[in-house]
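Next come the structures, one after another.
Note that chain A is present in both complexes that follow, paired respectively with chain B and with chain C.
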Partner chain A sequence: MKELSKPNRWLTAVLLAPTTLWFLFMLILPLIVILIFSFGERAAVGGYGGGFTFEHYLNLPARLKAFQNTMTFAPIGTLLCLLVAYPLAYYLALKVDRRYKLVLLVLVIVPFWTSLLIRTYAWIYLLGGRGIPSLLELIGFEGVRLINTPGAVMIGIVYGYLPLMVFPIFVSLEKLDRSLLEASSDLGGSPFKTFMQITLPLSMPGIATGCMLVFILLMGEFLIPAFLGGGKIFFIGNALVDLFLQSRNWPFGSAISVTLVVIMLVTVSLYMRMTLRSNTGRDESLM
Partner chain B sequence: MSKSNDDNKPISAKQFMKEFRRYEKGSITRRHFLGVTGLGTAMAVMGTAVPSLWSGKANAFGDLGDRMVFSTWPNYHNQVNIDEFTKMTGVNIQINAFGSNEEMLAKLQAGGTGWDVFVPTNYTISNYVELDLIQELDLSKLPNYDAAANNPMFAGPATVNGTVYGVPKNWGTTGFIVNTKDIKSGPKSWKDFFEVTKGAGSGHTILHDYQLTTIGAALCALGYSFNSIDAKELAEAEAVLIESKPHLFAITSDYQPGMRSGDAWMSICWNGDGTQLKNDIPEMDYVIATDGGEIWSDFYCIPTGAPHLEAAYAFINYMQDPYIQARDASVHGYAPADARAIALQPDSLGSDPILHPAADLMSGLEFGAAQTLTDPIRAEVMARFKSA
Partner chain C sequence: MRIYAIAVYLFLYVPIGIIVLFSFNAGRHASELRGLSVQWYGKALSNPFVGDAFFTSLVVALSVAILSSLMGTAAALALQRLKGTMRVLFDGLIYVSVMIPGIVIGIATLVALVTVFDFLNPLLASIWPEGVKPPKLHMGYASVIAAHTLFTMSLVIILVRARIAGMDRALIEASMDLYATPWRTFYQVTLPQIYPAILAGFLLSFTFSFDDFIISFFVAGANTTLPIYIFASIRRGITPEVNAIGTMVLAVSLFLLMSAQFFLRARTYR
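The block that comes next holds the complex of A and B.
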């Protein structure tokens, strides 16, 4: 390989500089600060007070419930998102008339034009006593309680994260070579078998990307449980908001953040390894 | 000013509140709201009249810039005042509403808030002074503030070591609200409150997402001081809270939506919100607990490094005008500490038993204590209760 000529190297450095700076100041430095904070003491009036202690890491079990909630709601929420998103993406990619495709796609994006906060507020009223429960009462189901339950949090999650799952799956299904489907049916494959052996495996990259997007963001979620769980269903995100904004225990908050980052790195790298292995030789452009 | 209003009676207070709610919910437009309540006309008149009522002239505002940031509490200001200030001065006001003093402190401690005016509660001011997060007020820039007219009990906490750091906004009590349609046992104390929570009202009680009032309520129920920072007493309070958690509807300081929708039957409540709820839903009863609770006052203050200092002074001065104070209170209900403003209030507010409780009812109430704001045990008890 020819070595880069001097002006070329210079150009490369200039082109990479913004990204490098961004990485350094927006990711690496904050992470280092958080790491340092996590070994410090809480100042008398709150905030960071210097010092060196492992106390906050030893105190992690005090937020066990929050870790448990996050670690159950995030994977289940991701799975539910997938179950809801897949048929929708399938329909959009393979079934819908070309003329309507764009309109329908835009409709999936439209909710993003409004802040999640406002849309979640709307759900408070939909799920509240004067919303869906009062409709259910009309048809004879009395005393149904939706708001501030785990179910409400789950509805909020699936609602809020759906588009993030729909799009990657849509993209991978859209690229699907339809002659493969014809070939399968020519060879006597039932529609179910065709789906299981051709469509589903070929859409795996989309599924993998969608799941990862949703899962990673869900691990840091705090707004939906706070609003639709009535502050009773506490995620790690809520514990962090609480520690930084209410009890002002920055070191403990930092220790939890560091722990969360470690959990995420382990989970995501395991997940990547798994999906990469099962996708070997297939299209990995989405990953 | 309010006198001539009373004579004409263009709209009843109840009707006004109803229209205001509809406007808030977005069922009617702003134009319709202003038209039907007569506020549109009032504003047009005021727009020309008020500048001359000011101690200075309209152009005495000078150049205040075009914006400022105001950090306050939910359901705690009259938008008409805010809009009018903007109209007169050209200063647009960005409003942040907070759920707890801790949250305000956390933001100020982190720095770079860009706030110009904020509304801390009595017990936090000495902390802010200690942390150098608050400015001494130059009272010569606040000619509308009349120290003599303000009740010293409520105005006092803003004076730390002889220096004035704030002028009073409103004062009130922290008790609880009960929907008597659903809870018929008539709870009178915090002890009753937690018993009903675990019994007949299970699944329908709201506690604040605010350590002072929530832990304070549990402490009072146990017979301790609302302000206790004793580790043993706080441990008992934590047990009361954690035991009641499965029976709660929510932990939130924004309790009006839950009470209004009928999902929640009982909540820790500030008295002005109590009036707002009772105005719309007569079965709502505001209770000052017999075993204690909080009495508080809020202040207009300026944080250290406020970027729009002149606008901040102009705004606080405007809000100290007795007429503007009364108009502010006509929306949120909370009582002004300023006798001049109370004199301008309609009788229904000026003598309302929820807003101006009898002295014997208030005798058991405590002002929040400064140490509760920064006490690490209280902070952790609250955090553990929420994450339990």
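The block that comes next holds the complex of A and C.
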């Protein structure tokens, strides 16, 4: 690479300036402010009152239920998404005729880009008294309650985040070298063995990416428990909305946000380490 | 396998279909279908609150889309010249801003902006000339636009960069060899190749901003965007009118998404 000439450097700096400003003022500065707030006293009228205290971090157990719910629903929801998404991604990547592949894939992705708000509230209908429960009544199951149960929240989660899981798995399966599959079956490997020893390991990067994306977004989820959990099942996101917009306890809310971000960062770095290791593992096995 | 796929597609689309179906409900009760009519669309469109919310959402989404496609494209072009630590730093920031949940962005922006405003407002009041009402900074259009743009700008960078990576470098070198100025090379060689990605980024940014609820919920101040209006209405109880509004929002996003897909795939058909 040639050394950039001086005008070129100026041009690069100018082109990057707006983005840099945005990162500084809309990402880095706000995160620093939240960190400072989380160690501050609460002002009499709510908001931030200065000072330095660990009180809010020690007080985190007051919202233990929200953390517990989030930390159970997020991993289980991620796993359910994976279980529902994998067969579909497999089907789309390896079984569908090329002509329909793109259309079918777009059909999976499109819901993710439409309003999660509207898609989630559709389930208030489906799970409410006149929806699926009334159908169940017709075939003899009476008094089934679906809305405002953990099951309803789970359905909402799988429904909302399925597209995000299908896409990366599809991409990794699509890249898979098909001659490996043929070689395996030529050598007498059963379909199950071929899947376990070739398809599944080679789609691991896609699985890892999908799981991480879904898990991180679920950690910050607010709408799904708000609509389908009926106030009984609430996540950290619901606690945060309450603390910032209703009870206005900003320092405590900041402490919870910081904790949430830290949990996410730990997850992401664990993920990075895992995928890096699996990559080097594959390189070694190829040598 | 095939049956499973069909079941998943039904799972994805039946709820959307239900909303659309019930928006044409002739009856007054949201959960009882009594004949079909478009009366709720008329009701929704003549509701001044819906009109205001729609206008707010439109202004915000359009500004977000314009800002992010300009800034994102500029950054994507610059980043390919960048090496070393700076490159790693920017890559990190881009991925953080895409991955970070909306709720954290909403809260952080709210807290930071309110703090900055609380500091600036007395200052502005003190330097403002006597007798004239000093301006008061507050949450509103600008804060929503700025917060949405953080995410969408990074999205445009990722899309445009992918396109640049797939671009034929030989064309640029040829253009340079033929003594075209850098500006002319950009305008006649680079831009025609990356514009589908920019357009797709524009449309996706618009869609994201138009549909976003959680970030706006925190930073919109007294302004009501369409998703905030829908959220508040659902809290009061679902009506066929909400379904009609929801259907219209879905239709807008679907149209934009299809256009974005078209531009992203444009390369395939050349």
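Things worth noting here:
Going forward, the second predicted complex is superposed on the first by the 257 of 287 C-alpha atoms of A that agree within 3 Å, B and C clash if a C-alpha of one lies under 4 Å from a C-alpha of the other, contacts with A are read in each partner's own complex, and residues count from 1 in each chain.
As a convention for this text, a contact is a pair of C-beta atoms (placed from the backbone, for glycine too) under 8 Å apart; a residue touches a chain by one contact, two chains touch by 3 or more.
What you are looking at is a predicted structure, and each value in this text was computed from that prediction instead of being measured.
Judged by the touch definition given at the top, the superposed model places A:15 against chain C, while chain B stays out of reach. Of the two partner chains placed by superposition, chain B and chain C are both touched by A:125. Looking at the shared chain after the overlay, A:197 reaches neither chain B nor chain C.
Once the two complexes are laid over each other on the shared chain, residue contacts for A:72 go to neither chain B nor chain C. Touch criterion met: A:44 reaches chain B, while chain C stays clear of it.
When both complexes are overlaid on chain A, the residue A:248 reaches chain B alone and has no touch with chain C. When both complexes are overlaid on chain A, the residue A:231 reaches chain B alone and has no touch with chain C. With both complexes placed on chain A, chain A has more residues touched by C than by the other of chain B and chain C. Of the two partner chains, chain C is the only one touched by A:102; chain B is not. Residues 47, 124-125, 128-130, 244-245 of chain A touch chain B in one complex and chain C in the other. The touching residues of chain C, counted against chain A in their complex, run 1-2, 4-5, 8-9, 11-16, 18-19, 22, 30-32, 70-72, 74-75, 77-79, 81-83, 90, 93, 96-97, 99-105, 107-115, 146-147, 149-150, 153, 157, 204, 207-208, 211, 213-214, 217-218, 227, 230-231, 234, 238, 242, 246, 249-250, 253-254, 257, 261, 265. Against chain A, the residues of chain B that register as touching in their complex are 100, 102-103, 105-107, 109-110, 127, 130-131, 203, 209, 211, 245, 248-252, 257-258, 261-263, 374, 376, 379-380, 382-384, 386-388. By the touch rule above, chain A contacts chain C in their complex via residues 1, 4, 8, 11-13, 15-16, 18-19, 22-23, 25-27, 29-31, 33-34, 37, 47-48, 84, 87-88, 91-92, 95, 102, 104, 106-108, 110-111, 113-119, 121-126, 128-131, 159, 162-163, 213, 216-217, 219-223, 227, 237, 240-241, 244-245, 250, 253-254, 257, 260-261, 264, 268.
Within the complex formed with chain B, the residues of chain A that make contact are 42, 44-47, 62-63, 65-66, 124-125, 128-130, 145, 147-148, 230-232, 234, 238-239, 242-249.
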